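Some structures to go through are shown next.
Look at the two complexes coming up: chain A is in both, with chain B in one and chain C in the other.
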Partner chain A sequence: MSPPLTRARPGLVRSLLRLFTVQGSWNYERMQGLGIGVAEEPLLRNLRAEVGDDGVAYRAAVARGAHFFNAHPYLCGLAVGAAARAEHDGVPPEQVERLRTALCGPLGSLGDRLVWAGWLPLTSGLALIAVALGLGLRAIVAFVVVYNVGHVALRWWALRAGWRYGAQVAQALREPLLQRATALSAPAMALVVGAALPLVAQYLSSAFFGWARVALAGVVAGGFGLLWWQRARLTGVRLGLALLAVAALAGWLWP
Partner chain B sequence: MSLELQLLLLAWGTLVGLDLVSVPQAMIARPLVAGPIAGAMLGDVATGLQLGVLFELFQYDILPMGATRYPEYGPATVAAVSAAHAATGTLGLGLGALVGLITAMAGGLSLHALRQLNTRAVRRAAAALEAGDPRVLERLHAAGILRDAVRAAVVTAFGLLLAQVVRAYLAGALPPHGVALLNVAAVGAALAAGTAGTLRLVGRGPSLRWFAAGVVGGTVVAWLR
Partner chain C sequence: MSIALYRLDDRLIHGQVVVGWGKPLNVGFIVLVDDAVRASAWEQELYRMGVPPEIEVVFASTEEALQRLAEWERDPRVGILVAGDIDTLAALTANSHRVSRVNVGGLHHRPGRSERLRYVYLSDAEAAQLKTLAARGVEVTAQDVPTAAPVPLKDFT
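What follows is the complex of A and B.
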């Protein structure tokens, strides 16, 4: 029988702290696997006492925990908790492996939509607006605090939900709050970043006058067109370096 | 700039570089955070904010997913602020962007090299990992984090060095028109990259209308100010 949530709390806290380093040993062979194994280990320690097989089950579970894994880092806790719980519940090893493999895609996709394409640009866009409106460092502090409230809450929820549901972890992904957050994050992000762009343009060009403003409009339109048209080959950093090189040359030749 | 300040920037750049992937992904690696804090260290928050905003727009051009390769803008912004601060006046933005973009590319390459080093270490320890030795697992993981810290420090040091070189050889060589052109190119590229990146995220679905509404709202507010 698996340990209840309260008895597992010290292990969960240790696991959560280790999850903050989940990508610390990211590599092309196992991707996040090592980090997942390190985060899962505190939740597997009880296996040594429970099974009483001189640590054979514990070591096998640790080895499985460090196999290939790749998903969104903030949601890795769901896989860590679910796999550890499944090990305690005596789920067959091949089924634990299948569970981990099955979670990679959904957790990656959900995390990308919820965080990388939702919460992060949303809060960063709000901070850009606040800086453009003159809030200065206060906007930056607010961004770090607000973003990380969501970040830490998501990591903690994921780990607890994984531990609670074990092999039935798919149920956790159907929670209404998660569904609503995913549905709302895209339009909210679009609205906020859309509003931030003109305000930031005004903020950054406040020192430009006359021909410089006209030139800026041309550079933005042309640069955007190039990035959109050549999106497979041209990146922002390459465009930036190319434009700076052209500008330096033109400025040097301009009498 | 004093050695103490350079070391302070190096330490901050290292923390920022570690935050990007390894520990703890709290988004101090975002240029919007890395820049103003570097500016505050130099007593020049305004320059830090400007370059933070500029590189945050470049950051919108990338999504840090899985094994994708992308420029690293955190330590790059720290180096950019260092370059712009010492250049003083309006020259700062263009010069900072130049240093920052080159450092960002170097940072991206260093991430790929780090991942290859980690892969080799994992292959060497494959037998111990398959035996489920927790100490080997933890040692490998800690070594990976340490490697990333060294990588971040090297990238930041490269950026700070580049800032010194550019300040010494480029800052005085450009006429006023050249300075203005450099600034226009930096801001223009950042705005283009930010807009294109955001539109790629938004896509052609229902969120596009929300994006358009945001642009209209932002333009009205900017016009009224």
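What follows is the complex of A and C.
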């Protein structure tokens, strides 16, 4: 039988640390598969002792762990934990494979909603508000700390929940707190970003006076128009970099 | 409106299906044809989790899909049908003239398969199966997301 959570802790910590590198071996053949396999390995080591077959089961499980996988990088620990637990519980190999496949979709969409469209813009919006209110560098440091406390907590929760539930991991995804967080993240993000926009606009335009302010408004409106019109090709980052280049060039040529 | 997309994707339901195709097509239901998923309650629960509540998810075995294809084609909502392997889709096309186009959305690395496109890995037998489908008059193209250009079958087999 599988060891209890406390005895598995050293393996879980090692697995968590390895999960930080999960994107490092990303490729089109297996996507995150290799990274997931490396992260799962510490949780499979005691299969050697448990099964006592000279490591055949261990090696097969590690190899399975490295098959194709792709999900949100913060949540893929849930699949790692669940697959490792299922291996310990003697779930048939093809079922373990199906579990991993089935987890890609929900973990991907959950991570997108919770992190990329929730936590990240939410904390960035708060940091922008703090900068606009004059907190300066402290706001940036606070953002890096707060964002990553949430980020690492999510990774740790995901890995532990996977390990705890194994093949029944759908139960972990039904957890009320997670459901509430997912439902709340989009409106909370919208509220904060909506509040940040006028404050940031005011902060950024405070150095401009008279006609310069009108020109700035024109550039902003033109930028939004351009982003909308060319939305297939142009992104905010590309436009921002292009404007920076234009500004640098203008500043250099200006007498 | 009927089924707008017959998709071959071994990840079955995931972001590219729900958001990538679902949003622009304004999809009302997704049919997942897979005998193993049809028989497994926990797998169904996981796949349903990745789909917003306003989109209905129907799980069907190949057998059931053959019987209900006409019903889905008459459905006033727009639908997507997803299968994870060529055999399943081939079975649907063999007994019906309704499936005139197949979208190869993602078949990934497995022992015996080689890379044809970044998101399409096929064994030689599978490539031949797709060609047989095409020879029967089914238009087979590869396209992971709607914003990408569809790749004709001859360019990846």
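A few comments on the model shown:
Operating definition for what follows: the second predicted complex is superposed on the first by the 235 of 255 C-alpha atoms of A that agree within 3 Å, B and C clash if a C-alpha of one lies under 4 Å from a C-alpha of the other, contacts with A are read in each partner's own complex, and residues count from 1 in each chain.
We take it that a residue touches a chain if its C-beta (ideal position, glycine included) is under 8 Å from a C-beta of that chain, and two chains touch if they have at least 3 such contacts.
What you are looking at is a predicted structure, and each value in this text was computed from that prediction instead of being measured.
Superposition of the two structures on chain A leaves chain B and chain C fitting side by side, clash-free. Counting the residues of chain A that each partner touches, chain B and chain C differ, and the larger count belongs to B. In the superposition on chain A, contact is made by A:68 with chain C only, not with chain B. In the superposition on chain A, A:49 makes contact with neither chain B nor chain C. By the document's definition of touching, of the two partners only chain C reaches A:102; chain B does not.
Once the two complexes are overlaid on the shared chain, A:250 sits against chain B while remaining clear of chain C. Taking Cα centres throughout, chain A sits at the apex of an angle toward chain B and chain C that amounts to 110 degrees, reported as a multiple of 10.
In the overlay built on the shared chain, the residue A:215 is in contact with chain B alone; chain C does not reach it.
Of the two partner chains, chain B and chain C are each touched by A:29. Once the two complexes are laid over each other on the shared chain, residue contacts for A:167 go to chain C alone; chain B is not touched. In the superposition on chain A, no contact is made by A:177 with either chain B or chain C. Put simply, the nearest alpha carbons of chain B and chain C end up 9 Å apart when the two models share chain A. Under the contact criterion defined above, the residues of chain A that touch both chain B in one complex and chain C in the other are 28-31, 70, 108, 112. Considering their complex, residues 21-28, 30, 32-33, 36-37, 40, 45, 49-50, 52-54, 56-58, 60-67, 71, 90, 93-94, 97-98, 101-102, 104-105, 115-116, 118-119, 121-123, 129-134, 137-138, 140-145, 148, 170, 173-175, 177-202, 205-208, 210-215, 217-219, 221-222, 225 of chain B touch chain A. On chain A, the positions that touch chain B within their shared complex are 20-21, 23-31, 34-35, 37-38, 41, 58-63, 66, 70, 73-74, 108, 112, 116-117, 120-121, 124, 127-129, 131-133, 136-137, 140, 143-144, 147-148, 151, 186-205, 207-208, 212, 215-216, 218-224, 226-228, 231, 235-237, 239-241, 243-244, 246-248, 250-252, 254. Looking at the complex, you find that chain C touches chain A at residues 10-15, 18-19, 36-37, 40, 42-43, 45-47, 49-50, 108-110, 115, 118-119, 121, 147. Of all the residues in chain A, the ones that touch chain C in their complex are 28-31, 68, 70, 98-99, 101-106, 108-110, 112, 167-168, 170, 173, 232.
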